[in-house]
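Alright, structures below, take your time with them.
Below, chain A partners chain B and then partners chain C, in two separate complexes.
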Partner chain A sequence: MSSARLLVIGWLFQLKMQWRDPFTGIFAVLYPMFFATVAFLMFRVHGGATSLLYAALGAGVMGIWACVSTTSGSAMQRERWHGTLEVLVASPSPFALILLPVTVAMSTIGLYCMVATLLWGRLAFGINFSVVHWGAFVAAVPATVVSIGCLGFLLAVTFVRYRTAWALGNMLEYPVWLICGFLVPLALLPGWVQPVSWVLAPTWGMNAIRQSALGGTPWPDLALCVGLGALYIAVGVLVLDRALAAARARASLSLT
Partner chain B sequence: MAVIEAEDLKRTYKTSTGTIRRKTLEVEAVRGVSFEVGEGELFGLLGPNGAGKTTTIKMLITLLIPTSGFARVLGRDVVKEPREVRKRIGYVFGGERGVYERLSGLDNLRYFAELYGVPGREQRPRIDHLLDLVGLKGREQERVEGYSRGMKQRLHVARGLLHDPPVVFLDEPTIGLDPVGARELRALIASLTAAGKTVLLTTHYMFEADALCDRLAVIAQGQIVAEGTPESLKQLVADRTVVEIETYGVDAESVDRLRGIPGVASVWVEDRDQAQLVLVQSSRGLELTQTLLGHLDGVRVGRVAAREPTLEDAYVSLVGEGAD
Partner chain C sequence: MTSLRIFFLGGLTSFRALFGWVSPWIYIPTLVIGPLFQILLFAYIGRTTGIASDKFFVIGNALQYASIPCLFAMTNTVAGERQENTLAYILVSPAGRIPIFLGRALPVVVNGAFVAALALVLGGLVLGVHVAAGALAPLAFVILVTAYSCTGFGLISAGLGLRIRETAVLANVIFGVLLIFTGANVPLDTLPNWMSTISGWLPITHGIEAARRVADGASLADVSGLVAKEAALGTAFAVLGYGLIRLMERQARRRASIEVA
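The block that comes next holds the complex of A and B.
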């Protein structure tokens, strides 16, 4: 109970702080419209309401991933700059319960990207937003958000250990768009890329969202998405204690 | 039983230089520090910048793993039982970092109360009490970015006391504060031991150590060079006289000439705006003023005064000798 409470309070705290960050605000408002516009213009060439909705959903998940990949690294670096990383580590709470809400809050802000993308598609491009399986869609979107947050958590563990790893987050932003099939179907990618796609929860979350909106069988994809998210947490928790011990040994928790 | 125990603590940092031909350098920040702090005691770790005070405190609060040696807080090993140690200690450091500036003071305290396991029902009364104690009542809803340095420092103190820890570590808590703010904070620190807490304070302000500490250790270049009560440390220079000479443009060569005078124990130079204050410690009974002035030939000299040694002089002497 106290762990769940800590997670919820940490999540609300991080959400509140992120919304007050001008960078996050601009990021959240402008990026979805940018992603959506590029996607709609690309897919409009081949026409078809279905392909435009396919693009809209892909652009929405791109926004969620962009929020997590770029900000989870910078969030850890910001904690270092502000001297709060040491204060957090010095608290008796398990650090995983402190870190996980940071990245899940980032992906929650990314959820706004999904809504903004669909609205922008409707208003600027006249895309009709219709969903075949509403129940699955309502489950798939938050599950994808949380799973992407869990992937961000796994990345953040390395950001805690290595001071310069935050740059990795930025580097991962674009490859994941491709590898997870946000805009391009996975079948078009080389065969050797696909195993990488399979171990990334956003791949299955994207599939589940599309299958629930456009018609199909979203539940197996949704289960894989949630399962991988849980696996990321398990691996992250296992590695985190070692990462923290290494950071304490190498004095990398602070900048000085 | 000692509440804080440090035995032969050492800590080495590795740093690298160069881009292509990288060289790894090892810096010994703490070189075998040992001390004990008893229950309810206010123990000071006094030393200049870079002496190893913060590194020592970070090892004790589990943020750094010692290269060798061991430390215990309330009988718990800081390396093997970090979580148990963290439950029982509060940590406050000086400066403006360590708080979430975009949120209010109240948001900060609520979050940290949760992290420190303060039960939900106890949080609000506890936070209210601490806001009162540190003088932030009425300002808690404001964003921290609008706080003055002193207010942020008091917020740090409130954060460190949220879970009512029996042991409190204060790392240069008054650094950068205005005189009134620093005085208020010192009064607050004094009240902690009155409430039965054990306090370890690091500072490089002598008067602060003199006014607050029951016992203190002087640390220089990573080693403890003296330990005792402020009075006993003053006794180390009781047989000396201090001559203060205000100079304008004194150079290193002239200072070295002063050091060579028989009977001179130490020479220290403090910059004071345009002037430099040369502090010369010599054996009591020796009348060296004219000799000193004679060795400063060519240097413009202002006020000259002789006085009794203070704790600061003991510190200067110890740190100077430690540096040698």
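The block that comes next holds the complex of A and C.
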């Protein structure tokens, strides 16, 4: 019960705090819109209504990942800069429960970006937003948001030893956009890329959102998305425990 | 002589202090891998939509990505001084403003051109885009002029950065505008008229068009008009940017707001 409370309060606190930061609160929403606009301009050259909706949904989920990738890279570093990392690690609460809400809060801000992208598509490009399976769509969007936040959590703990983790987080923005099939069908990518796509929850989240909106069978994709998100948390907790133990042993928590 | 020393040594020192770019942990992810994946992303979207060849996207995005080092570096070499609390010392010094501020632009131009050229090579290798050997030298020149133009635009951003606190947001917004308007990914003739009109007044647009023509076999003389436009725009941006920096400096002195924006 106390863990659930910590997660919810942490999420709400991070959401409020990050929303007030101009870089994340305004820019994180605006930046993916530039890419969405380019995508709309490209897809509309030869595309019909369906391909534009395909692009709009993909561009929307791109926004969620854009919000998370940079933040996840710098989540630990930010605490280090603020001088709060040692205090948080030394607190009786598991550090994972403190870190996870950071990335999930950013993916929640990404949800705003997704809505803004769909609205921008409607208003500026006349893209009709229609959904075939509303029930699945309503389930798929938050599941994708949370699973992307979980992926961000895994990255945050993986990058814990790198002082310039924000650069690594930035670097992963484009690759995930590409290999998770947000705007490009996976079949177009080289064969060796596809297994990489399969272990990324956003791939399945994107599939679930598209299949629920355009018609198809979204539930298996949704289950894989949620399952992978849970797996990221489990692996992330293990990695975090080892990283923190090593940092304590070497007294390098604030120095890496 | 002192001005020349400030121009070259001051500019180089300022650039070396930027971002910790001497660290490969930042330079490689941001300025080597980043542009490569931007090229791949748009090349594959291009394959999906069928609007242009891989070569179109490799050249367009390689040159457009020069805006990242040019805009960010130029903005931070000036506005970043405020964050480090060194701006007041620079502005109170008797050194000429032209060598101080424009000297900082020189290494930025060289680095921007290097980043674009490397992206072009890497993107071309990964996607199998072939450019004739004879086109390489003119292509390098076009890239250099494009980086110059973009750095001029960066000076405007630097001037605004003396007033606006969120310089990273500002530089990223300009990057996004350039991504849409310069024809890096969307052929200019498919853009609405008002957009293609704006494109002609932005940096990089003419450079991309010139580079694409050179890669298709045109000589430097054939694209001299485009290159001249790009260079002229760059010079106009640089003059405007320098004027803006001086204006902001005067306002900051009058309002005692140098350190607070």
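Following the convention adopted for this analysis, the second predicted complex is superposed on the first by the 247 of 256 C-alpha atoms of A that agree within 3 Å, B and C clash if a C-alpha of one lies under 4 Å from a C-alpha of the other, contacts with A are read in each partner's own complex, and residues count from 1 in each chain.
Here, a residue touches a chain if its C-beta (ideal position, glycine included) is under 8 Å from a C-beta of that chain, and two chains touch if they have at least 3 such contacts.
Owing to the predicted nature of the structure, the values given are computational and were not obtained by experimental measurement.
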| item | value |
| --- | --- |
| When chain B and chain C are modelled together on chain A, clash or fit | fit |
| Contacts of A:W120 with chain B and chain C, given as first, second, both or neither | neither |
| Contacts of A:F159 with chain B and chain C, given as first, second, both or neither | neither |
| Superposition-derived angle with apex at the Cα centre of chain A and sides reaching chain B and chain C, degrees in steps of 10 | 80 |
| Partner chain in contact with A:L41 - chain B first, chain C second, else both or neither | second |
| Which of chain B and chain C A:W65 touches, first, second, both or neither | neither |
| Minimal inter-chain CA distance - chain C and chain B, angstrom | 9 |
| Footprint overlap on chain A, where chain B in one structure and chain C in the other make contact | none |
| Touching residues on chain A, where the partner in the complex is chain C | 22-23, 26-27, 30-31, 33-35, 37-39, 41-43, 45-47, 51, 162-164, 167-168, 170-171, 174-175, 177-178, 183-185, 188-189 |
| Sites on chain B touched by chain A in the complex | 13-14, 58, 61-65, 83, 86-87, 91, 93, 95, 97-103, 107, 110-112, 114-117, 120, 159 |
| Residue ranges of chain A in contact with chain B within the complex | 2, 5-6, 9-10, 13, 16-17, 20-21, 81-84, 86-93, 98, 245, 248-251, 253-254 |
| Chain C to chain A touching residues, read off their complex | 20, 23, 25-26, 29-30, 33-34, 37-38, 40-42, 44-51, 166, 168-169, 172-173, 175-177, 179-180, 185-187, 190-191 |
